[in-house]
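Look at the two complexes coming up: chain A is in both, with chain B in one and chain C in the other.
Right after this comes the complex of A and B.
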């Protein structure tokens, strides 16, 4: 490991220690904002773990986030918390593996459309089940999990997603994924089992999304399919990751922080025009900073030489 | 001598076009075999069928005794069959070294870490790209991209190397170098099947030539013989009556 990487890890450890103290320093509003930011950090980093190198743009984020939230809603009162998280992980692995095997042979725009449809399909299935079987559309999430505990769990999850991302970047799997992103045919001819690599990473990335949803669910106290599977979450994650830059592990978080703050402001100031504003932000980002903030920073560092 | 590659009854249809029509041939270990034929005769399709880009509609391909027809490309690559592409296809976001590392990491060598990086550098030196290890392929000239693609193919430690017009577009000096490089690979024990139009290269390299026209094999034998074959001349130049 190089000296630069050691320094990076040391800095990250300090940052995590400071962030862990946030609930002790902020009031309720500040903490809820912090939870929002860490939650989107997990989602956007997990998203770009898969979509960054492979360039498969997924709009299925909320399908898995919602699966996690619903797992919590169903089991939180009857089972121990670690068991709930374990079930959420298991469900997402099964769903992601099936979906991955079925769809990752699709390429480009077909995958985008499919992933969007998947989120909608899961939402309709849950709705159908709730209406016809349990005969209730919403569920209450009663637990004694506090906001600070939610924050700490999300922070731990964020550390885990960064650690795994760091490991993948240095592993064969990372090289395989970058090769796939460049030219899948050539990757196959280099001996890479492209389907296996893609499915493995897709599953891994969705586990983090699912866990984020499971951990976040107690924040709402009441959920229904429209809340848990709100497609805006998928788009928000996508915009954040693109703004930050998907070519670097630290990229998405650079997009999450400013956008989470901006959306918070827009939602409070222009509640009726929020969607229009988000759309405009999306267009501006894609046109003006296609390589994201991480790309801008690197470009600025390299150029002056 | 048993054949390294044994092809029988290989066919592939694209809609109404029978691109490869019941093709059969074999390549012995250590040979350099030229696959010739006019444009559109099905040569590249044959390479795609052998290397697993396309599935054959019918027919068998035995490579090192394994039936590989219809198998996925990565499995065929791991058995020791490597190829280059007619239009170069470097992995654009990876440095030259990482391009070569893909073959080392996922092919038969199964190498990773510092040892693999050292091997990658040896291969880059071998094709004359030692100075460009950390360069992105986009900054290389066309010729150097071809060298890179060859290094990446060699990283698979192939027993059979498929070269799709690898010598096309080289100037006379580069052509001489390229021919020398292919000869040295052959000297190392790598069997080579090359699709080529450069006649000088075919004459000086190939032990044997196969000539295709409209998906079928129309001649096979020594380069000088097949190039003098009336049917081959007709395939390339048309009938006297047309001329």
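Right after this comes the complex of A and C.
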């Protein structure tokens, strides 16, 4: 490990320590904003963990986020909290493995299409199950988990995403994925089991999305399928990751912070035209900043040298 | 009973086929994976609704008025919004990713506009809602009319693409854009035309669907998804494949809705999709070339 990397890790540790004190300093509104930012950091970083190197655009973030939220809603009153998180992880691994094995053997566009409708599919299945089997649509989430505890859990999850992302970047798996992103045929001919690498990473990235959903669920006291599987969440995560830049681990955070604040403002000022605004913001990003803020920063740093 | 369900399945399947034919033009020829495709269908359905209940204009006249507008709109979208991406893209895959992202943004813009105007409520209007008896089965006249018109439009498209000079050019671009250029086909114009034609088709389908289906501003995504599934099932760029796959999907959905549970139709769509991906990823009539 080089001196520069040690310095980076030390700086990150200090940053986490400062961030951990946030609930003690901010009021309720500030804390809810901070929770929002940290949860989107987890989601956007987990998204780009898979979609960054492979360049497979996943539109299914909320499918897994919602699975996590729903698992919490169903089990939080009857089971211990760690067990709830374990169940959520298990469910998401199974779903992601099925989706990955079916679509990731093929060209990327099949995966995109499959992920495009996945949230809607899961939403309809949950609705169908609730209406026909349990005869309740919508559940109340009663726990004694406080907002500060949610924040700390999310922060821990964020640290974990970064740690795993850092580790993958230096492992054989990370190298394999970058090769797949550059040219899949070449990667396969160099002896990489491309399907296995892609499925493994997809499963890993969805586990984080699911856990984020499970941890966030107590923030809403009432959950129904339309709230838990709201497609705007997938969309927001995608925008944030792209604005930040998906080819660097720290990229998505650069997109999360400004956009979370912007969306907070838009939602308060234009509640009825929110999705129009978000759509326009997104189109601007796709056209003007295709490599994200991280790409811009690196471009600016490299030029004078 | 079975015949009746089959008949209404065929009507629905006819709509899916029509919608998918437009998408296969956009994706197969213009190479644009258009995720905002279904929004145009819903927009056309709202236009037909507004014509009928606001201005008392027959939806059949709407069928003549709306698709040309959609054609012009799609043409403008392609020229202004998508052509810069086509120019920027180095490879076909890069264009695919860029177009997915751009049209995903467009989806939320169009959907947001419709939600702002009409809200999230379900709409329908009653046009030709008279029952007809065919060989013992009852079918609503508006459904039958929609099916016949869809068949007519589909046939017109098929002959337009196979029997005319410009149609042949469009098909040539679908097969190989580089080779098409070598035989003096203007690929950009052909792509723009194919994209616009796809928009006109989906708008026509929207008017037809509005005659017998209840719809709301959020339904576009579902139609996009089904059109994508049908296109892949039929084989990308293959009109006949889209027709067969559309009919299969419509029939299966209707059987599931009637005999199993209406809440599981999307699950049925996905089951078929999974089956196709596992067994024949190049599509029913598609050739594997990638």
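The definition used in the following text is that the second predicted complex is superposed on the first by the 304 of 305 C-alpha atoms of A that agree within 3 Å, B and C clash if a C-alpha of one lies under 4 Å from a C-alpha of the other, contacts with A are read in each partner's own complex, and residues count from 1 in each chain.
The rule we apply is simple: contacts are C-beta pairs under 8 Å (C-beta built on N, C-alpha and C of every residue); 3 or more make two chains touch, one makes a residue touch a chain.
These numbers were taken from a predicted model, which means no experiment stands behind them.
> Between chain C and chain B, which one touches more residues of chain A when both complexes sit on the common chain A?
C
> If we overlay the two complexes on their shared chain A, which of chain B and chain C does A:175 touch? Say first, second, both or neither.
In the superposition, A:175 touches chain B alone.
> Who does A:2 touch here: chain B (first), chain C (second), both, or neither?
neither
> Based on the superposed arrangement, let me know which partner A:191 touches: chain B (first), chain C (second), both, or neither?
first
> Which partner does A:78 reach: the first (chain B), the second (chain C), both, or neither?
A:78 contacts neither chain B nor chain C.
> In their shared complex, at which residues does chain B touch chain A?
Interface residues on the chain B side: 51-53, 72-74, 77-78, 82-83, 85, 89-94, 98, 101-103, 105-108, 112, 152, 155-156.
> Which of the residues in chain C come into contact with chain A in the complex?
These residues of chain C touch chain A: 33, 35, 81, 84-85, 88, 93, 96-98, 100-102, 104-113, 115-116, 221-222, 224-225, 228-229, 232, 261, 263-264, 266-267, 269-270, 273-274, 277-278, 281, 290.
> Under the stated contact criterion, what part of chain A meets chain C in this complex?
55, 57, 59, 102-103, 106-110, 112-114, 116-117, 120-121, 124-125, 127-128, 131-132, 231-232, 235, 238, 242, 272-280, 282-283, 286-287, 290
> Under the definition above, what is the set of chain A residues touching chain B in their complex?
Listed in rising order, the residues of chain A that touch chain B are 172, 175-176, 178-179, 181-183, 185-194.
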